[in-house]
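There are structures below to look over.
Look for chain A in each of the two complexes below; its partner is chain B in the first and chain C in the second.
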Partner chain A sequence: MKPVSEKRQRNLFIGTFIIPTFVFFCIFTIYPVVQALYYSLFDWSGMSEHKTFIGLGNFKDMFKDPIVLRAIGNDYFLVVGKIVGIMIIATFFAVALTRFKFKLAGFFRSIFFIPNVISVVVIGVLWNFIYNPQIGFLNAFLSLFTEEKVDIAWLGFTSHTIWMLLPPAVWAGIGFYMILIIAAIQNIPDSFYEAAELEGAGQWRQFRSITVPLVWEQMKVSIINIMMTTLNGSFVIVWIMTEGGPDNSTQVMGSYLYQMAFRQYHFGFAAAIGVLILGLSLITTVVMQRLLRHETVELS
Partner chain B sequence: MAVNKKAAALGLAAVVALTSLAACGKGGNDSNGAASPSASPSESATPSDSASPSASPSASGSESDGGGTKLTGDFEIQYFVGGYGDKWWKKVIADFKAANPDLNVIEAGGPKINDQNKPRWIGGNPPDFVYIDGPNLNDRQMVEDGQLEDLTDWLKDAKNVDGDKILDILAQAPQQYDGKIYNIPLVLNSWGIFWNKALFKDKGWTEPANFDEFMQVSDKIKADGITPFIHTGKYPYYINGAFLYPAIVSNNNDDYTILQKMATNDIEAYKSPAVLAALNQIVALRDKGFIDKASIQINHTDSQMLFLQNKDAFIPNGLWLPNEMAKDVPQGFDFGFIPSITQKAGGKVVANTSTATVAVAKKAKNKEAAKAFLQFIFSKAQASQWAELSGAPSNIKGDISSSNAPNFVKDAAKYLTDPNTIVIPTITFNADVDKAMQDATDALTISKITPEEWVKRVTDVVAKVKQ
Partner chain C sequence: MHSGIKNPVVKIIFYAILVIWGFSVLYPLLWTLLDALKDNEQFFFNAPWALPEVPLIWSNFSYVWSKYNFDRYFINSIVVTGGSTLLGLLLSAMTAYVLARYKFRGSGALYLLYISSMMVPFILALIPLFFLMNSLGLINTTIGLVFVYASSVLAFGIFVLVGFFKSLPKELEEASIIDGASHYGTFFRVMLPLSQPGLITVGIVNVLNIWNEYIVGTILINDPKHYTLPVEIGVMQAEMQYRTEWGPLFAALLMTIVPVLVIYIVFQRKIASGITAGAVK
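Right, the complex of A and B next:
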């Protein structure tokens, strides 16, 4: 009798933690996804009482739509650009702030982290001012070196405007991943570096042979996290800065989804884009996992 | 171990991906919930006004109303609160209540009302009467979705509370969808081109009245070191509404039916030489370097600020501009305005109207009251009250010069009722076609495409929409 009740009590205890979470997960995550899948099979304006079942029609249309393809391209451009930009700069800062001990390290650590505390919306508005052709900082700065006033419309090129969204996106991301890598580096015992130094290894060699292998796990998590947040979240910065323009050149999947659902009244089509984002995120994650597979070195 | 990590990462990816989807699923959730008459957000808004029945029925005799049938039951009004405010709505609803004491008028108003009431429209339980304005509410889409009552027959000989025929007193006619009328324009606002009269006087530039004069003075302006023309590239409907559409009408011998044909997705109308000629007027501006390079990437506020700082001489905008920027207008700035600048010398001015309309829901429960309300609001008394309380001209012909409306509203009304002005009645394009035209115009202003490619692009979209 007693062991049973103990077991039951244990299960009850576990259940009180798991069941509410699971219920919320189902209501707020699983259910919307099922709904999105369901709506993606309909031609629906998002306002009408009536929906027409069209099977995979939205998906067929999607692959014929050049803007969808451009949006996918832009999304992956941002993924690659952000991974390269953020990882290089964050790692550099992390190493600089931990390995080369200097007085103001703490100060710089806070400075670099600040963009993470600011809302992406604010960052978008801020960079809009930097890029403003008439009153912007960038043109004013460049004008210092030229005879004539520089008046480049940074967000108004006929193509490749998406490049201009990379600096704010990278700038906004560095701090968090820097902290992550700093924490990992601080876990590496100093004795490793001391030994390496005695053996005559320089800073670069130490970085390559000690730091990178021992923080690889964190770097991997960082890369995958950047990938996922970009595929799902680049909507915000795009919408604030360009709304996908000019002429759809900066459209990403998220912004096109919004445009279609709420500006052009194709809710079903937008749901199909949502399903596409889900699919691509999953596939990319699996591929990245494979690519980043690397012998894990662990401190014993 | 590796398997676990992989699974964990996959799970993480799924969660992040899914949460982003939740946003689009939400509309769906609501739609389900709406099947049952959900606690409507409107109810909270109701009591505030019913408490003041003291507002005497100052406007118009209520006796002539509806031929004596007493209106009873509930009557719900959905109105968006935006640039025109809600002062007029509060007033007119109070007046209407006073005239119909047995009717329980329910107000559902606010800046977010279009979203709040959306589930009810989807669920087939809409309010009786709707004011179509603001984001996420598009009259053409509502007609296509079968949500609005066909008013064609009723409106043919409907009279307002004063006994005037409503169709006769409207300044701009309602838009027709396959010959049918579903919504009636309430506001009469106009797109057009603005400049600063004070700056022009100061520099000795002549204020233009046609396209040739516009190009000539722009040459001078450029020579004086000021950029002649700025627009809102982030929202190209400003340049389309204030420059391109009037230009198409001017180039079509002042016949605005071409725009109406375009709105019915008539491909031939888009291929008309008038469209190309109008696009070439934009090209003329572009090739002379008159368009501010900043235009393409900035929003309306930024472009309006640059205009107010005299960095640019002309701006395509709407008559609400002085009101919208009232706080930022510098001392001595004097708005000059013309509804269109693309006409030939001696040609008529073309005013492209900007409006907001009112309609009755197809599934309205109290259509009688809704129609009586239409008869009530489309009266001369309400016209001057609208102009006074909302700061925009009303769509009812009538002399508002003696009302308390702001001066620029009176000026605008004068312009729009002038017999020499071609007034384009309100037109809503299909949302896809509209977006395609906006994108193409943007692309045209930055030399990415030619006018012929503009037509090609837009007609491709029109053809797709027609399918």
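Right, the complex of A and C next:
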């Protein structure tokens, strides 16, 4: 075999293995993303061929739209609530199931992950049932302590209903991050803890001086991951549970995008919301990376 | 050597927290099963935690299965999940192998492109995707959904599998090439079988994600004939405002949960390693 033809064979092989995937990826992922940036500059109802170029008009309208502002607020409320809730509980479980030497630790670990394999739709429906005013768990439980039957519409408050969406979001997220932190803790050499124990350091001391600094990198990744998945995907549970209502009070950017596009046919405006989500999640990632790096320095 | 927690009171409190959380995770599954066996009357007059009355309403399942066409949705979900997982796996394994083993111009940039696409919110692409699929005639088709799902899992698959291929010893390929096998033969007969653990890990994580996917399915499919299970659950839940059929709703939820639960129980370790690999971007 001549070296030239071998080189050719190699290139042919590379081509046949790279190109189909790439073409596929371009059509179904890259192209739609680029198109979205393009659509965001138009006033377009989607139904007609007619698009009007309005430059940054959609973005200007966006910041005059009180619902967009509320949606951004709700998004960041969920981001903060989920980071605090998930990280505290997941870290506690991760430490408890590795360092505390509980019996059944493996069993707990297995079942704590279960919510993460269940569809968000199912989770939304289950929590809707918990909150159901007539036949739900929460009211039935509260009724045990009251004379009259409690019939609070948990998802019907005109303000603060977004608080009700936090428990399902945290509940559904714990297991995943627990597994990540467990993996990080298991990478810490046992000798570190043994040495600390010989020195008489208690669990709390070990947690603060060994576990946290050494899993901080993983915690940072987890925090940023929670932020991104929340900005990018929290709208599904919102859509299932409240459709952004009542009176748009639980709208997040994603659900408002969905409503604007597929309910009200403002496709250009909706695309602009998508660009906003992208922009905010990138900016927030950069900001958080700065903030969290700072904290590492303090800890070490 | 390890003493764990020494203070018995603290230990009991911690244990109680674990048990309570475990209960909060398992109980919804149990109540889904129990409520799937109730009729409407029991929902309205008994406490939500009450056990279903005898006779149990097993007919809720057959009702959902035939009246709500869950037989069809179940098959749709299996076809869509299976098809897109296999297609996504093949496409990502091919690219991952080349990126891991062959140096060529632009290989680094290509890898970076796939990885950075994981940062882009999927919802951004949703609107153009709808119009693209419409113009390609792929709205309301199973194959359209398969394409979109397969494409959506490429980045994750490439990321994990590049790492996996890199961890395999090079000697085996070299031996295979010396034996006169082509690049293709080496990939399909030597490397692919060797990479089975990695493929299974990626495949299982993808199966779970695709089986559970709701929003893309809702947008690309509006003909009930092609609904997947989560799409139908969303529709049922919305209809629940007008007709109250709680028992069947819970039966439907259970049918959607059980397959992923079984997969989870069987492949637990794979799933844990898959998500750990995928999250360290």
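The criterion applied here is as follows: the second predicted complex is superposed on the first by the 264 of 300 C-alpha atoms of A that agree within 3 Å, B and C clash if a C-alpha of one lies under 4 Å from a C-alpha of the other, contacts with A are read in each partner's own complex, and residues count from 1 in each chain.
One rule holds in what follows: a residue touches a chain if its C-beta (ideal position, glycine included) is under 8 Å from a C-beta of that chain, and two chains touch if they have at least 3 such contacts.
What you are looking at is a predicted structure, and each value in this text was computed from that prediction instead of being measured.
In the three-chain model built by superposing on chain A, chain B clashes with chain C. In the superposition on chain A, A:195 makes contact with neither chain B nor chain C. Of the two partner chains placed by superposition, chain B and chain C are both touched by A:282. Once the two structures are overlaid, the count of chain A residues touched is higher for C than for its counterpart among chain B and chain C.
When the two complexes are overlaid on their common chain A, residue A:21 makes contact with chain C while staying clear of chain B. Judged by the touch definition given at the top, the superposed model places A:153 against chain B, while chain C stays out of reach. Contact with both chain B and chain C is seen for A:32 once the two complexes are overlaid on the shared chain. Residue contacts after overlaying the shared chain place A:9 against chain C, while chain B stays out of touching range. Within the superposed three-chain model, A:254 lies in touch with chain B and with chain C [touch as defined at top].
Once the two complexes are laid over each other on the shared chain, residue contacts for A:108 go to chain C alone; chain B is not touched. Applying the stated contact rule after C-alpha superposition, one finds that A:176 touches chain C and leaves chain B untouched.
With the shared chain A as the reference for superposition, chain B clashes with chain C in the stretch 117-125, and the other listed options (99-107, 117-125 or 189-197) are free of clashes.
On chain A, the surface touched by chain B in one complex and the surface touched by chain C in the other have residues 28-33, 35-36, 39, 46, 134-135, 221, 225, 228, 231-233, 235, 254, 257, 261-262, 267, 270-271, 274-275, 277-278, 281-282, 285 in common.
Remark: chain B residues 2, 6, 9-10, 12-22, 24-29, 118, 121-124, 135-136, 138, 141-142, 144-147, 233-234, 292-298, 302, 306, 311, 431-432, 435, 439-440, 442-443, 446-448 touch chain A in the complex. Of all the residues in chain A, the ones that touch chain C in their complex are 9-11, 13-14, 17-18, 20-22, 24-25, 27-33, 35-36, 39, 46, 89, 92-93, 96-97, 99-102, 108, 110-115, 117-122, 124-126, 128-129, 134-137, 140, 171, 174-176, 179-180, 183, 193-194, 197, 202-203, 218, 221-222, 225, 228, 231-233, 235-236, 239-240, 254, 257-258, 261-262, 267, 270-271, 274-275, 277-278, 281-282, 285. Residues of chain A that touch chain B in their complex: 28-33, 35-36, 38-39, 45-50, 131-135, 151-156, 158-159, 221, 224-225, 228-229, 231-233, 235, 242-243, 245-248, 254, 257, 259, 261-265, 267, 270-271, 274-275, 277-278, 281-282, 284-286, 289, 293.
Contact residues of chain C toward chain A in the complex are 1-6, 11, 14-15, 17-18, 21-22, 24-26, 28-29, 32, 43-44, 47-49, 91-92, 94-95, 97-98, 102, 104, 110, 114, 117, 119-132, 147-148, 150-152, 154, 158, 182-184, 187, 208, 211-215, 219, 229-230, 233-234, 237, 246, 249, 253, 256-257, 260-261, 263-264, 268, 271-272, 275-276, 279-281.
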